[in-house]
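Right, I'll just put the structure down here and ask away after.
Letters are used for the chains, namely A, B, C, D and E, taken in the order the chains are written, and counting of residues starts over at 1 for each.
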Amino acid sequence: MEYFVIVISAIFVSNIVLAQFLGVCPFLGVSNKISTSVGMTGAVIFVMTLATIVTYLINDLILVPFDITYLKTISYILVIAALVQMVEIILKKVSPSLYQALGVFLPLITTNCAVLGVALLVIQKDFNLMESTVYAIANGIGFGLALVIFAGLREHLDMMNVPKGMKGMPVALITAAILAMAFMGFTGMV
Amino acid sequence: MLKTFSKGGVHPPENKLSAIQTIEQLALPKMVSIPISQHIGAPASPIVKKNDTVKVGQLIAKSSGFVSANIHSSVSGKVIKIDSVVDSSGYKKQSIIIDVEGDEWFEEIDRTPELKKEIDLSSEEIIKKVGESGIVGLGGATFPSQVKLSVPRGMKAEILIINGVECEPYLTSDHRLMLEKGDELLVGTQILMKALNVDKAIIGIENNKPDAIEHLTKLTKQYQGISVEALKVKYPQGGEKQLIKAITGREVPSGGLPIAVGAVVHNVGTAFAVYEAVQKNKPLFERVVTVTGKSVKRPSNFMVRIGTPVADLIEAAGGLPEDTGKVISGGPMMGRALSTIDTPVTKGTSGILIIPEGESRRGKIYDCIRCAKCVSVCPMGLEPYLLMKVTEMQNYERAEHERTMDCIECGSCSYICPSNRPLLDYIRLGKVEVGRIIRTRKV
Amino acid sequence: MNNWSNFTKGFIKENPVFVLLLGMCPTLGTTTSAINGLGMGLATAFVLVMSNLVISLVKNLIPDKVRIPAFIVIIASFVTVVDLLLAGFLPALHEQLGLFIPLIVVNCIVLGRAEAFASKNNVFSSVIDGLGMGLGFAFALLILGATREILGSGAIFGYKFIGDNDGMLFFVLAPGAFLALGYIIAIINSLRKA
Amino acid sequence: MSKLLTVSPSPHNYGKDTIKSLMYGVLIALIPTLLVSLYFFGIGALIVIITSVLSAVVFEYLITKYILKASPDIIDGSAVITGLLLAFNLPSNLPVWIVIIGALVAIGIGKMTFGGLGNNPFNPALVGRVFLLVSFPVQMTTWPAPIQSRLQYLDAVTGATPLGVVKEGLRNGEQVSELVKQIPSNMQMFIGNVGGSLGEVAGLAIVLGLIWLLYKKVITWHIPISMLGTIFIVSGVFWLINPEKYMNPVFHIISGGALLGAVFMATDYVTSPMTAKGQLIFGIGIGFLTVMIRLFGAYPEGVSFAILIMNAFVPIINLYVKPKRFGEVIKNG
Amino acid sequence: MAKKLESTFANMVIVLTAVSLVAAVSLALVYNITKEPIAKAKLKKKLDAIANVAPAFDNNPNAEMFKLPAFEASPGLDSLEVYPAKKNGEIVGYAVKTYTMKGFSGLIELMVGFKLDGTINNYSVLAHAETPGLGTKMTTWFKNEKKPKRCINGKNPKNVNLTVSKDGGDIDAITAATISSRAFLDAVNRAYKTLEQGGKYE
């Protein structure tokens, strides 16, 4: 039941993009087409989960015992950057087809603040390793859900007569605003 | 419950103003201009020269390919020139222009009115005769009939469907033909059945012509294998694919021909022409044309020689009304607007419709309000709003993916659109582009 | 490019938020009030200036292939410094900005300027560039924060001008951030074209 | 022949449906609801409706003319409908200035930002309504009592909606059997003698409107029926599981904005899917989300949110749910 | 201008190690400088919260904090932190960190100050996730001394029924936010009852 609450909360109630403002850059940047947003989602879920597990262990086994938690930010970002590199290299060797699908998105993920954000949040929320993993996966899904819906809306808007001044980013942001407002309906569900 | 096709369709006001007018023979024109391309496919090649004298029914242009049709003279007289004349498409086309002198028919033509029931020719001979007589689909599509009768190898025709639907508003030429030439067209049907080697034919007629249904039902008792199927009124039931679906429940596969589901469809007018060609030796040089419109004084059905100027027909129906905005060759849904009424009647001219100025233009075009009415009326299960949009955005790849080539151009979408959007116009444009892309891909 | 235009470009012409559309997360996440927006903006500006300074100093000592990790370490260090300083001396602001302070690390502006400018230019112009961009960022966040505070709380810099009433709460909530930013960008776009 | 003829591609026959006729069809369908709201909420309803409609029309005119610099075309009635639907989603004691803000948001943000009628992905009236609900939660969640408050406006006697009573009671650990005594009977709710937004109370009148819309073929049955059916089934399942913890399905249908939403809000052409199958998915989604929000969310009513959320899914539905193409499957029969 | 360092493996390792070392060392330095201010700031925040609610004191309540088993505890939250306020060595009241799970979005945390006779001195909201504009009003609603029907400051739960008027109590709920109001009062009552159970009233 606890896990269920974590999942619902991460995907709908406090959606990582629409309510917590993490990962907004790729949300706005990679959402022109549904197909790319699906690829991005896959890459994010993968890296986010992996990064959260690794940073959780680093925090638990190194930073806390040695009382150097102030090095959290610097060590996490290095871990994430290294992880993305590693994933890229391994994927290229092990599964070229998966690399084809996710490859182009991997470098973008290093600067996706959602990944670092989730890694930091699980510490803040005092989750254990299992909860952290579930939380990371759920947030990846939440990110993907928002991204795919939004990509659909933007593909739709491309076909509409949006006024000139509003075209592009402004109308995307306002669509995101209404989407975020609609998601407020999930408030209090957990 | 009457049969009809399952998907889409609209119910435009029927306005069959000329339904009670018997077919009148139109007076001979002074001059005819007979285009050498009155059918789908390659234009025929003229075999007469300037100053040649011709008789009624004489071959004047010869079929120039597999998909092509012979053209016969509709009058007797002298060929004065072979020149470009504006036809119903609005383009200039090569035409043979003949000055009418008397009415001298080709000797072989049997001009007696007796019904001749016995079919002497074999299947192959019938097909050959139909080809020689220059018969094309008279419903408006003008596809050369002998091609339709030649079943491709490996396929088998199981059923012949005679199209007496006449789903276009206003038009009544098929309706009158069924009432007045019932026996002839039933014999014609039997000839077609023999040619196709099928033992079953169904005449599909919409329920708004109860007299025709009753009349033909009575007559069919004497003809084996032919029956009449009354259909619920719905446009575009006269579309080949829709009619097959309505009568047999089968769907012609996307990109395929009716024969793929074992069906062959011919119009009642074609069946009548086949009768005349095979039994009476009379090639196709005249047809029934409805002249109608709300402002027309005397909406009529005329038997007209091919090549007669449209102006003559209008004159016979009471003259061109003052407030005329549009003159259409064909029905209001799929017909073509004429740029001039000097245009000649061709094999495909099923009617001349006169539309007053006030109704001749589309209202102001608004943005699509996504009411989805076009999607719900499309008989082909397409999404016209989307096809228009992607064509507008020049995304032809998407247009092809969304099956724009399946469009039968029935115009139901443009008809229903509350925003007056020119849906079909864009879809046609898209089809041209996509067609070109497909062709280059094949090469 | 002269130093003055190098400095001012960040405000309107190449404003990182309104024009380059970078650093969206903190822009949206921390601008519930003018003061929060300004605080976040200045914290980012500090990191930007310092990392630009250091990177332009050491740029020749860093091999190309490890450029990015090295930059990240430098930036992350300054982020941690800001984090610690704020926690120590401005605890209220630190609490308000919360998670978004460590996230300055992944703010594309910082790494972007390091990569695009500081690693190629001398110390002085790098600092000017960082200062201009940083202040431009802060300026954008201030505008957005002020807009949201005025509309959302009926206040500006904490001073309430509509008595006891609430403002349109929508604007202090998540959707309001997207909406306000969308319209501000639209207005700036049309101003720039005019 | 000197006179020029009009030449245009087929078809040459144009249907009788125009945007205007469709919009007026909706307006006529709204009349019964309007009358019921005036009957139960009197002067307050009148003020809110007039303010909302008027400001919607004025904002559309001004934005079109001065911001988009296009020719204003408000006679198509869509602004009137948006204004009216917005008003129907508001309590009748809402101050005029809040109503005006709502109309500005509905028209300005919900509709004109995207290019006006036909281009907006979200239902404008609901954008306005939810904006107000989020922005002014106190004013938006105090409802005048029907009949009693006919002659009052801002000072109306207020009470809770049945959904509000139930939500609060259940949160407080009360039993359904106790709570049903505190709310009006099903019949009262269906007639509209109940607290709530001024248009959503009139269940019977809304059903009349639905019949008119279906008869006039302005809308099809797919969205309203699938949405209400899903609400009935999903809430019914919970009710069967524990009738003391969850209200019965009939209550869920006739209370709150379920009917108004199903008939007038979810069926908005612009923001609903294009195919019948898509519309069924859309309706089912709204129904499901509505019940989830009502039963488990913080807000007592979830119809508005549910419709907006499903609006966001419409492009994806349109992309993947296609009509059955003719000739796609070779059927012999 | 000096030439750029080549990307040889040795160079890369050396540079990255150097950069990391310098960074770690300088961060350690900054950490040590800011360690004390951070700790102070944290303590100050807590003391401020206590000072805000408890009667005037001159001791360090944080140092003398003790725990009492919570009244009607929720699982996992079975004790409350109590901060005694002393003046000249004499206990003058308590600040209690209390909670409720009944909020609109679950947990609400309050700090409530009591005088020795159980009279509520003041409260402050530490954490909540209530609906903005509704439940959030609890931060000021119940201490508005101009509206005695709402104000809980100066009231003693012993002789005042601290429930919302709708449930027969003496306190007016926040408009349109009865659930948050109930939850708030539940937390206050829990604090009061916990002290009472612990025998802390005179």
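One rule holds for everything that comes next: a contact is a pair of C-beta atoms (placed from the backbone, for glycine too) under 8 Å apart; a residue touches a chain by one contact, two chains touch by 3 or more.
As the structure is a computational prediction, the values presented were derived from the model and not from experiment.
Novice: Which chains contact both chain C and chain E?
Specialist: Of all the chains present, those in contact with both chain C and chain E are A, D.
Novice: If you apply the touch rule, which chains end up adjacent to both chain A and chain E?
Specialist: Chains in contact with chain A as well as chain E: C, D.
Novice: Most remote chain relative to chain E, going by C-alpha centroids?
Specialist: Farthest from chain E by mean C-alpha position: B.
Novice: By C-alpha centroids, what is the most central chain here?
Specialist: Of the chains present, the most centrally placed is D.
Novice: Top contact pair of chains, counted by C-beta pairs?
Specialist: B-D
Novice: From chain D, which chain is the farthest off, judged by mean CA positions?
Specialist: Checked the centroid distances; the maximum from chain D is B.
Novice: Report the inter-chain centroid distance for chain A and chain B in whole angstrom, where each centroid is the mean of the CA atoms.
Specialist: 61
Novice: Measuring from the mean C-alpha position of chain A to the mean C-alpha position of chain C, what distance in angstrom results?
Specialist: 21
Novice: Measuring centre to centre with CA averages, how many angstrom lie between chain A and chain D?
Specialist: 34
Novice: How many angstrom lie between the CA centroids of chain D and chain E, rounded to a whole number?
Specialist: 43
Novice: For chain C, which residues are shared contacts with two or more other chains?
Specialist: As it turns out, chain C has residues touching two or more other chains at 69, 73, 76-77, 80, 84, 166, 169-170, 173, 175, 179.
Novice: By the touch rule stated above, which residues of chain A touch at least two different other chains?
Specialist: Expected reply: 70-71, 74, 161, 166, 171, 174, 178-179, 181, 184, 187-188.
Novice: Multi-chain contacts only, two chains or more: what residues does chain B have there?
Specialist: Correct list: 367.
Novice: Would you please name all pairs of chains that touch?
Specialist: A-B, A-C, A-D, A-E, B-D, C-D, C-E, D-E
Novice: Quick check: in the complex, which residue numbers of chain D touch chain C?
Specialist: Residues 101, 109, 131, 134-137.
Novice: Of all residues in chain E, which touch chain C in the complex?
Specialist: Counting only chain E, the residues touching chain C are 1-8, 11-12, 15-16, 19-20, 23, 26-27, 30-31, 34, 36-38, 40-42, 44-45, 132-133.
Novice: Any idea which chain E residues touch chain A in the complex?
Specialist: By the definition above, chain E touches chain A via 23-24, 27, 31, 104-106, 131.
Novice: Could you list, by residue number, the parts of chain A that touch chain D in their complex?
Specialist: Its residues touching chain D are 34, 148-149, 152-153, 155-157, 160-163, 166, 171, 174-175, 178-179, 181-189.
Novice: Name, in rising order, each residue of chain B that touches chain A in their complex.
Specialist: Interface residues on the chain B side: 367, 389-390, 393.
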